[in-house]
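Mind having a look at this structure? Questions to follow.
A, B and C label the chains in the order they appear, each numbered from 1.
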Amino acid sequence: MAKAINLSLRDALTRDENVLIFGEDVGALGGVFRITDGLQKAFGEERVFDTPLAESTIIGVAVGLALRGFRPVPEIQFDGFIYPAFEQIVSHVAKYRNRSGISLPITIRVPFGGNIGAVEHHSESPEAYFAHTAGLKVVTPSTPGDAYALLQAAIDDPDPVIFFEPKARYYLKEEIDPTARVPLGKARVAHEGSSVSVIAYGPTVSIALQAAKTAAAEQISIEVIDLRSLSPLDMDTVMASVRKTHRAVVVHEAPVFCGFGAEVAARISHDGFDLLEAPVTRVGGLNVPYPPARYEKLYLPDADRILQAADAVLAYG
Amino acid sequence: MADQTFRLPDLGEGLTEAQLVAWRVEEGARVEVNAPLCDVETAKAVVVIPSPWAGTIQKLHARPGESVAVGEALVTIAAAEGAPAEATPGTLVGYGPGAPESGIRRRARMPVATAETSIDVRAAPFVRQLAKDKGVDLAQVAGTGPGGRITRSDVEAAAATPATTAAATVPSNGGERRISVVGIRKAIARQMVRSVSTIPQFTEFAVFDATNLMAAREKRKASGRPMTPLPYFIEALVKAVRAYPMMNSSWDDARDEIVVKEPIHLGIAVNTSQGLLVPVLRDASTLDLDAIAAQSAQLIEGARAGTLPPSQMSGGTITITNVGASGPVETGTPIINPPECCVVAFGAIKPRPMVVDGQVVARSGAWISISVDHRIVDGAMATEFLTALVAELEKISA
Amino acid sequence: MADVVRVVATDDPVRALFSPAGELTAEARSRLGLDAAALRELYRNMVLIRRADQEALNLQRQGELGLWGQYLGQEAIHVGAMTALRTDDWVFPSYREFGMAMVRGVDPADMLTLFRGLSHGPWDPHKYHFAPLAIPVATQVPHAVGFAMGCRLKRSEEVVLSTFGDGATSEGDWHEAMNFAGVFKAPVVFLCQNNYWAISVPLSKQTAGSIADRAHGYGFPGIRIDGNDVLGVFAAVRAAAARARQGDGPYLIEAVTYRMGAHTSSDDPTRYRLDSELQAWNARDPIARYRGWLEQQGIIDDGVVAAIADAAESAAQAMRARLISLPAPPAGEAIFGRVYSNPPASFLQEREEFEASLEGD
């Protein structure tokens, strides 16, 4: 996935001379995850450059650059460090068009999620705060192919987009087709099934797929939906699945309490009230600050917990 | 020159009132736009209010020291010609919390189609909708899901045509035969267990002289309008219940209350190939004999055919049943249909030995047995009711 | 672009114009190159914007505006700075720079719809090269720096004016932006309108150091000047802009003035400041002072002064009349119209449902 994102950025820089990439350590180092490796060398310091250590102003200057006619693609180095930029994102990036009529075609890239054995602040899942903010679009790929295509779509979109990259999947390998198009706002069926719909995004998609595989051996047919886009949210794909299975489980790393899953669950319950044979169930993090690394596997959803939830919804008869 | 009234605005982002400190003009004075009108003190500051219009002061609406609410009239000015008209009147004058609205409003509340709820039945939304679509009364369906939940397959089984009762027999196994209990059989079992385990019921017996009833029947038969005994039983029962309304009630255990019901919805126990079904004759006390006959016949036929909708299969307040239409069986101890108070069972009408004027003669008669909820009704009332019922039956005229 | 710039403060064309106390030298004043008409225009603009400011306050007291934050006393900065810039130079204001917007040509009635609950951004930034109002303090300063960085990347000649108050210089965003500007040698003129008060917190509680001196820490020069001298402000901004325009990077001008009015119409300054202080600053009123100088120079007389006062009065009445006559945009458009350039289907559906829920057609 890291290479797919790198290629996507490279192609974006080539296609549009107004695309700029900047952030901490993205230049000479090529990014702490090497996502921007080689880009400064290829495109020069005026297209790909390092900034001082100041997340709020990394986003603040992105606003100014966008006003000046550029297509900024700033990077926030880690999920836990997006918070200093929260004000600029929520008070300005999200609201600029509403205030002035001017679109800011900014794409903010952020690695997110846990399961990498890191110290504090490096395993956050803050996507709900931003999905909750009108004026922003929020997307997250789960595969290298989608990482390539979704990033293209995000950069091309005239509205601001937050692109959450599941860092635990940076090393996931697959052949990609750079000509494939994935629009913003469209989910995909990652695995077809008929008994339970498991709805996931970002790092939990592969876990859901694992669960589906195990379930199949027990004759339980799980359908996995990869949302890809949190805002806009593709309820059509979700509801088509629930219409088939009558049972839904939503999975994310973020804490269940007030997590993005609550929005999905509420919508399924409302739009599909008469479709349900069991209550919509959410699987996710505990309602605590992300724990020290040794305990993170107890906190994060895994295939077992997804299967447990699937069993529970099937137990409603 | 049009009179315009200036109302106190919200001067500080959320204020609700201000106190008038002093007027700077008098009634009758001529003012220009922005001329100072008065000093007011708000929770935040003392503020001078300038005149919004040029014109003559007609009326000062508050006295110094008085509190004025945001939106309340402050001063009326006879505005000079050319005072600009507000394109969006009231947009901000008195914007504060209690202010009049901006002129755009959401539609008033409209009635919403009520969704049916049956709270006592455990079934998921999809299953409920399915039951509704298939005309299955969930109250009659036995749930085979965990904890007795009604599942999709339970509803589908109930919707399937008869022969689902003592259906699937499992192959014999050393002298035993196991019959799977589903659908109506299961529902009946549940109801009966519920009845005997929760209702302390006792039974009283009587015999009534059916001579007059049979004469009335003969007369109708002769005129080409035959009628079974059942409508006569029903009509007499309704009259007796009207005299003893406690028989038409229910014990509410949760609230320690007896719920006496006004309308008489009579459940008629019908033996069908699916098992015992109890369709309900609604508002029996409003029906004459012919109506009772017609409707009860329809109900019985519908129950046997399995075509009755859920609304005709529920809501009964008292139940009537037959114990053997013919043969040697006289009577029995009927079991109350919960949550009712009383069930009335009629035996077959046939010739019986009775003592009349000291002689044993053969006359038409039948046994009646009633079972009654002892929480609601004691023996004395049960006896009186049964006596009244017998009297109604015996005074039937042709 | 990634070079770290070390400032060698030998050539400072702004400082050369000022005394150590921050007053424009007599020589510099005489060499401004402004003819009589231009000098009168400065006075006219100050009077116009002051009268508009007063009218806006009246409108608030009459309930036509929900709020107004006066810039009374700061007219020399508003007019001096705007006159010194080219029309294609962008301005990134905070929330008090309506005088500046007016000098740029924004219709004041349009501006005021912001406080009438009708709009969050009633002018087109691209048309006036004037960014929208910024309410969270100092958050606009990084925008200004980003824009200026963009100018440099495009090799274009505009400079950016980033204006803010003394309170803003305590915010993290301000420091980050100043640092970025130094590192990227952004063509931005930072103009601090030090009006002494941040609501009720005086300068002495806002900072222990000097605002102007901070620039050195970020790698470029700064100067503290008399903000109530319209010609001084003009000269400083012009020189700083020229310096930036030729690629020499940012400059910080701290213009000292006084907030003669309340923080906003909801504020009561009598609770925290002495009337004696207000009167002392009243004696240094920028308009009165400038008028005195113009009269001394024989550039204006009573007739001109009266004519300008009348013109300002008419303009204020016209502003009032136009403001009151402006219609409210339909609710659907006002609420949903400008959120996305490329709205998702669900968004459009929500708008439809909302519009269907309104009374009337």
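Just so it is clear, a residue touches a chain if its C-beta (ideal position, glycine included) is under 8 Å from a C-beta of that chain, and two chains touch if they have at least 3 such contacts.
Bear in mind the structure is a predicted one, so any value in this text is a computation, not a measurement.
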Chain with minimal offset from the mean of all protein Cα atoms: A
Chain at maximum distance from chain A, centres defined as averaged CA atoms: B
Chain B and chain C, separation of their C-alpha mean positions in angstrom: 69
Inter-chain centre distance, chain A versus chain B - centres from mean C-alpha coordinates, in Å: 50
CA centroid of chain A to CA centroid of chain C, Å: 40
List of chain C residues in touch with chain A within their complex: 1-2, 90, 92, 120-121, 124-126, 131-134, 136, 139, 141-151, 153-154, 160, 172-173, 176-177, 179-180, 183, 338-342, 344-347
Residues on chain B engaged by chain A in the complex (per definition of touch): 124-129, 143-146, 149, 151-152
Chain C contact footprint on chain A (complex, rising order): 20, 27, 45-46, 49-52, 54, 56-57, 59-70, 72, 84, 87-88, 91-92, 95-103, 134-135, 137, 157-159, 184-185, 231-233, 235
Residues of chain A defined as touching chain B within the complex: 246, 273-278, 315-317
In the complex, chain C residues that touch chain B: 55, 58, 60-67, 116-118, 262, 265-268, 270, 317, 320-321, 324-328, 331, 357-359
